[in-house]
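Chain naming follows the written order as A, B, C, D and E, and within any one chain the residues start at number 1.
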Amino acid sequence: MTGSATPATPATPPGREARVPLLELRDLRVTFPVAGGVARAVDGLDLLVEAGETVGLVGESGCGKSVTALAILRLVGPDGHIAHGSSVRLEGRDLLALPGKEMRAVRGNHVALVFQEPLSALNPVLRIGAQIAEAVRAHESVTRATARWRAIEMLTMVGLPEAERRARQYPHQLSGGMRQRVMIAMALVCRPKLLIADEPTTALDVTIQAEILELLAELQRKLGMAVLLITHNLGLVAETTQRVAVMYGGQIVEEAATEALFARAAHPYTEGLLAAVPRLDEPRERLRVIPGQVPPATSWPAGCRFHPRCPYAWERCRTEAPPLLEAAPGHRARCWLVEEPARRTRADAPPGEKP
Amino acid sequence: MLGFLARRLALAALTVLAVVTITFALVHLAPGEPMLGNAERMRADSATIARQRARFGLDRPIATQFAFYLANLARGELGESFVRHRPVALVLGEALPNTLLLGAVALAASFLLGVAIGSVQAARRGTWVDGVLSIGSLACYSTPSFWLGLVLLLVFGQQLGWLPVAGMTDPAAPEHVGPLGRALDVLRHLLLPAATLALVNAGAIARFERGALVDALGAEFVRTARAKGLSPAAVLVKHAGRSALAPVLTLAGLSVPALLTGSVLVESVFGWPGMGRVTYEAIFARDYNVVTAAAMIAGILVALGSLLADLAVARADPRQRPDA
Amino acid sequence: AGGSDSPSAGTAGGTLVIVVPGDGDVLLPPVTTTATGALVSDRIFPRLAELTLALNTVDDAGYTPVLARRWEHLDATTLLFRLDPRARWQDGRPVTADDVVFTFEVYRDTLVNSPLRPNLEGIAAVTREDSLTVAFHFRRAYPEQLYDATYHLRVLPKHLLDSIPRGRLASSPFGRHPVGSGPFRFVRWRPNSDIVLAADSGYFLGRPRLDRLIWRITPDIATAVSMLITGEADAMEVIPQREEIERALRAPALRLVPYPSPFLAGILFNLRGPRGAGAHPVFGDRDTRRAVAMAVDRATIVSSVFGQYGEVPIGAASPMQWIAERGAGQLPYDPVRAARTLEERGWRDADGDGLRERGGVPLRFTLLVPTTSRPRQRAAVLAQAQLRTVGVDMRIQPVEFTLFERRSADGDFDALFFSRTLDPSPASLLQFWSSAGIGSNNAGGYGSPGFDSLVLAAIAAPSRAAASPLWRRALERLNDDAPAIFVYSPRNHAAMHRRFEHVTIRPDNWLATVAEWSVAAGLRLPRDRVGGDR
Amino acid sequence: MSPWRLAWRRLRVNRAAVAGGVLAGLIALATIAAPLLAPADPLAQPDPVGLQNLPPGAGHLLGTDGFSRDVLSRTLYGARVSLAVGLLAALLAVLVGGGVGFAAGLSRPAVDRLLMRGVDVALALPRVFLLLAVFALWEGVPLAAVILLIAGTGWFESSRLVRAHVRSLRDSDFVAAARALGAGRAGVARHLLPHVGATLIVCATLDIGNIILLEAGLSYLGLGVQPPTPTWGNMILEGKDLLFAAPWIALAPGLALLFTVVAFNLLGDGLRDALDPRRAR
Amino acid sequence: MTGPLLDVRELATHFTRRAGLFGTRTETVRAVNGVSFTIGRHDTLGLVGESGCGKTTLARTILRLVERTAGEVRFDGQDLFALGPAALRRMRRRMQIVFQDPYASLNPRMTIGRAVREGLEIHELARGDAADRRVVELLDEVGLGADAVTRYPHEFSGGQRQRAVVARALAVDPDFIACDEPVSALDVSVAAQVLNLLADLQARRGLSYLFVSHDLAVVRHVAPRVAVMYLGRFVEVGPAAEIYERPKHPYTQALLSAVPVPDPKTRRARIILAGDPPSPVHPPPGCPFQPRCHHPLKDATCTAVRPELRELAADHRVACHKAD
């Protein structure tokens, strides 16, 4: 889709250039009190999104992707708690320090969210037109009629046929694909600078998924917003993003320009993920697996969080937690292999099918 | 829609028939003599009683009596009250509107109150406000209505003297106060009994509303609403509240029996001229015709309550509508 | 009626709001069966003559004229009444002899089935002599002829009721919109809520001083007393519970007017065996009955239940009745003697469980108490504990009222807690306790030729002075034979707002003199100024 | 760890439920131990004139009633009947309702529809009117019959709940798996029973409170269990006459009633949260 | 022992369900609408299609967990729908199913051990200690430890549960397992583990699979033969290589083009379909795919005549008028 191969924006630290990044997460930590202790769902996450770019955030279930998305808009409450010292800056403004009212002015207005399950994310008892108009009226002092008109205009823009009639319908009267279009219309009606799409197509069929992705790309071109695309589907990331961050255990474990990442994964987790996916283009006899499973967020292992499942792990990994290390310019990985590349040999067997 | 109504009406008719049959059997098979006039002043000899029994057809076999009763019922005749010497339709017809007024006001009030309390609790869940209101609504729900009624009467009627303690109107008031004056008079008399019924019922509704709201607040669409930048109040009322409405409406419709029960007790405490009292007195006088008809009306009200609840739910929840 | 000649302000005016526990049924004296129905319709339909406050039923001197101006005994069995020519029905028609004749026929008609019909047995016929003269023909000569002719009958308008089939009288519309010839006119009746009467300014004996009488129906006693305290109501015939009386006493606007009670309650023993055959295993024996009676501490029960607002009756008479003179009395409370008697009769506690038995049969009986009566239930629970101390096992079975009545009529009980509102005339003792009453009102089956002859002699005695000692001996006879324990009579107190003046209360009909009650102009409340006659 | 143990764990940390459970337990204990705890014979009338209507004080912690009986002792003994009626009737109702609901849920559609139509009709019966009529018209209804009648008119709700629960589980994958393994109707029933058990426990606990209230209402109207046996309902009835003069007589059983109903409701709510299968994952 | 293991002919499963306000209308869902195929021994048929096209219903009907409306299913030559209850139960030993949602397919109130043991007991394959040992063996075979026997499903992750489900199915030593999206709910890394397990078991035990998935890549990985389903019918069946390399049906083509490939370097032209899949209640006339079809030659035949499966290449059959 976004065939224009703009050069991947490297994660340059702010201040080098005068330009302030659109979104900047520094040491984001989110905890949830749970029965067995405290779940550290997001645990020291750093992420940059520049204006207009598409960034992919991938990772398996439970690694903290959704919590990150919600934490940006301070929506993890009442259960979740964003730790002291975390910082979420939108164009330099610290969102975590904003009073409630100003925070509300950001939500849906500067930063909008699209969720995974459009049926449950839309209010079943309100007409879709009203749900969109409501977003307009929350941020702009316009009349009811104007808001309504804006909603219909937006519905037309996301390709909903007969928008005027559809606006009077309820979510359950639409198909899954149409509902997701409605969600997108609702998110974009205030022309946000950043759209966070949390698995926007996971609940949809591949053919519908293709439609929605096409639509998102087109709208991004038209409206020029940045997109943070959260997904566990590596294929999607490959096709739609310019930069990718891979999450594991509440942290970013690898971050790179998309092509660079798929060409040469630096982190063993990314490598494993790529090897485990059945491929349409190149069928293989046997899938490579990542042994074991993700540990619960209440008890991350010491050292590198991935080490119990890592085929290359050695002593250092068990005790010392690696920081994000620069493997190549703009390509960083949270793995000691970056420092000791020679150890990239498996004890038991040679690495599986190489990507 | 029509088919639905027809089915519900058929079910309601079945219910009413069951109620009539059960009640009829119950009162006629019970030991004891119907009072055939109030025995306060009557010491009737057996000949008199026999004459009275013949007059009301009580000397015939019960099956025959039931057949006659059903035949009369089919013609819309409910018979005559043994004690009041008046057509049952009149006796109950005069009392029913009063009970309906009391019940409807209590239902509406308990609904509003319950929803309001439940909403505050849900909005402040986990805080001391929630705790206090929780205990309060549970206590309301666990308080016998007769007890609550007496206490309200004592405090607001007698001690503070704010409201009249009994009756539905002030019969001594001048006649020329006009319709508004009369309505106000009724309203003043209505407040205490309605509050009694409403408080007990509101306790149940508040507990339910809180649960439904907390569930709704955990739903994803609420997150969507917050992500849009809506204020917490708008999220609570418009989004969570609207979707929690349907189950609470159902509960409200299903609380008709509880209100009827309450009305038996509350109407005697507050001297409200309603159906509960008439029925209660009729049961003790073995005024068969009144008891049977009253049970039938109660059955109709209960069936109507659940029907209205279903219709209200269909209004509140578009997923339940015919075009769905 | 209903002229515009309202009396000058200052004398007339006032609204009396009376709170009653139950609604009326029909506002027609011969067929009403409720206390409220009677109380209200009595204000609309006057009698030929009224008893004075003394309630002397024997002498003709104890009556004042109402619809009848005069009366005379033509002979020993004929009583002639001359009607007041001024008397008018509230629709303007005069009250005539035909109305009186019609009235008697209605009361006597089995189709009408008036509860008062049994009281008219002494009257053979009533005939019209001329338009304003009627003659009552009695079957026998006896002193209470005037009482029977006037007390039970309230004169009805023939021209309005003649066309209604007698059997349908109770359900006729007239019974809900009555037209009478009395001091008050019917205004409105809202079922279970209120009944309103207004002063009839055309009343031939003078317009009542009050404008309106309003009955408010409130079943709950506590609520009713609250209404008195808050001023929502002005009067109540009797506050039945001691605690409520005390509460009402604390309200400054209220006063309590004491009056003798027509009421008598006690434990009636069934002397007959099961299904009326033979003698009752416990109460068939006079000594055992006496022992049980002596084991019940009536004074303690009365003080516990009523405090100062009740008394132990002297016997089978209620305090209102003129035969209830001080000095007579029941068997004393003497548990020691009671125990000794029981011991003598073979009732011993052989197994040491504290309860007596004889030949393996425990000394046990069941007392029926109607669920509707709180004082009776309280008294029964107290008596139960007292009997237990002498080894008698009394079980209390509360039964619903109609069932109570039926089991009473059928003689299907060991003992029951009766209560009776007695007429002013003592003649009623005959139905309750004589052999003749067995099978109808004499539920316990007590029969004693000695008692019967004493009562018959008393009824025939020509004057109160002559009758009094005979009645007394009859009562003592009854007490000695102990067919019942007469447990209590309340000391009635009517609650009354203080602004009402000239309040006198006739115990048998507490509103009998209400036409004379008044409110001084300076004390009137807003509702007193509404005016009655519209 | 078994789901029951898990539920127990969840229950233990729910403060309201624990409070309710402890309170209900204490009340039940006090009921059983009434003869030991009660300072006096609940029926003894030491001096119905001199000692009547005594306010709470040293001799009588909760005062005396109009018969000079000790209110505390009567309240303790009164709990016996109230709780027995509540517990037994709730148990019975839930068993019958559970049985019918379970059967309906597993039956062919025709049978199911018939049963549920019957329940629909029964639910519309004006329960209190019927109970009133029975208790008023039949003299001296024995305690067992009171329990049977209350249970017999109170199982419809739980049968609906259980049936709905069974229906929803019947279509679940694990039941399909059992059928695929060759399990017959009995095998499927064995899978579902423990689930329904949880629903029933919650139903029963919440029912207890309602039934205690119902019994009190009937006793208050002078029906149900008869004096001198103390029950909370007839104690309130007796005390009601003295509400203004000696409020403690009605207050003690009234509060006992209130606390008991509150306790069982708290416990029931807690159990519902703890046993909720949605949380059992 | 000749002929295919599973032979499905013209199978149709329709559901009638109540619709409209409180279910006064009924409508028929043609979930499976005339499907024929065979599966040999030691063979796998992959089945792909959009959500709601009838894949699950087909799998369940084959096991007779859902009653068919028409058609026939022969398992090892026996007509499944002609079996009596006892024979059916015996037959169930040989056919098993693995469901999509590992959270719903285990009874939360039963230990894993009991779940696996259930099949052994029903078919009396082992009892007592022998059963215990067998359970441990089975759990071991799917890669779960012996300690799983006494543990409950909630103590396991999705992947582990899916293994337990497989162990339960293996307990009765079946010849055929219908796998209904067994890895759709699992994470990539875990899904790979389960897919490998299924492959190992097939190799070891000579199992046959019907492998349902909406993920074309997964199907390609496990199945030598693939069927594409649309609106209750097969639109294309054939060898995997054929279908993935030379898809004939426009729907298959669109489907394949839409699958994202995790390689930023490959850029393919995506076929974007118009509109949504029609509802199985009101299937369109003619070709079921016709309203969304992008085929340049689409014409009136397509909207009027429903195409039958035609064999276009060896064992490659397509239901399209225009395919060649």
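Everything that follows uses one rule, which is that a residue touches a chain if its C-beta (ideal position, glycine included) is under 8 Å from a C-beta of that chain, and two chains touch if they have at least 3 such contacts.
Just so you know, these numbers come straight off a predicted model, no measurement behind them.
Shared contacts of chain B and chain C, meaning chains that touch the two of them, come down to D.
More C-beta pairs touch across one of A-E and C-D than the other; that pair is A-E. We define each chain's centre as the mean of its Cα atoms; on that basis chain A and chain D are separated by 52 Å. Distance between chain B and chain E, defined via averaged C-alpha coordinates, is recorded as 54 Å. Rounded to whole angstrom units, the spacing between the C-alpha centres of chain B and chain D is 23. Put simply, the C-alpha centre of chain C and that of chain E have 90 angstrom between them. Contact with two or more other chains is made by residues 222, 372, 400, 403 of chain C. Contact with two or more other chains is made by no residue of chain A.
Contact of a single residue of chain B with at least two other chains is seen at positions 31-32, 150, 154, 284, 286, 324. Within the complex formed with chain D, the chain E residues making contact are 60, 63, 65, 85, 89-90, 92-93, 95-97, 99-101, 103-111, 118-119, 122-123, 151-152, 154-155, 165, 168, 171-172. Listing the residues of chain E that touch chain A in their complex gives 50-51, 157, 159-160, 187-193, 195-196, 199, 214-218, 220-221, 244, 254-267, 270-273, 276-277. Chain B contributes residues 11-12, 14-15, 18-19, 22-23, 26-27, 30-32, 134-135, 138-139, 141-147, 150, 154, 257, 260-261, 264-265, 279-280, 283-284, 286, 291, 294-295, 298-299, 302-303, 306 to its touches with chain D in the complex.
For chain C in complex with chain D, the touching residues are 221-222, 241, 243-244, 246-247, 300-301, 303-305, 371-372, 374, 377-378, 381-382, 384-385, 396-400, 403. Taken in their complex, chain B has these residues touching chain C: 31-35, 37-46, 48, 51-52, 55, 80, 83-86, 91, 94-95, 150, 153-154, 157-158, 161, 164-175, 268-271, 273-274, 277-278, 281, 284-286.
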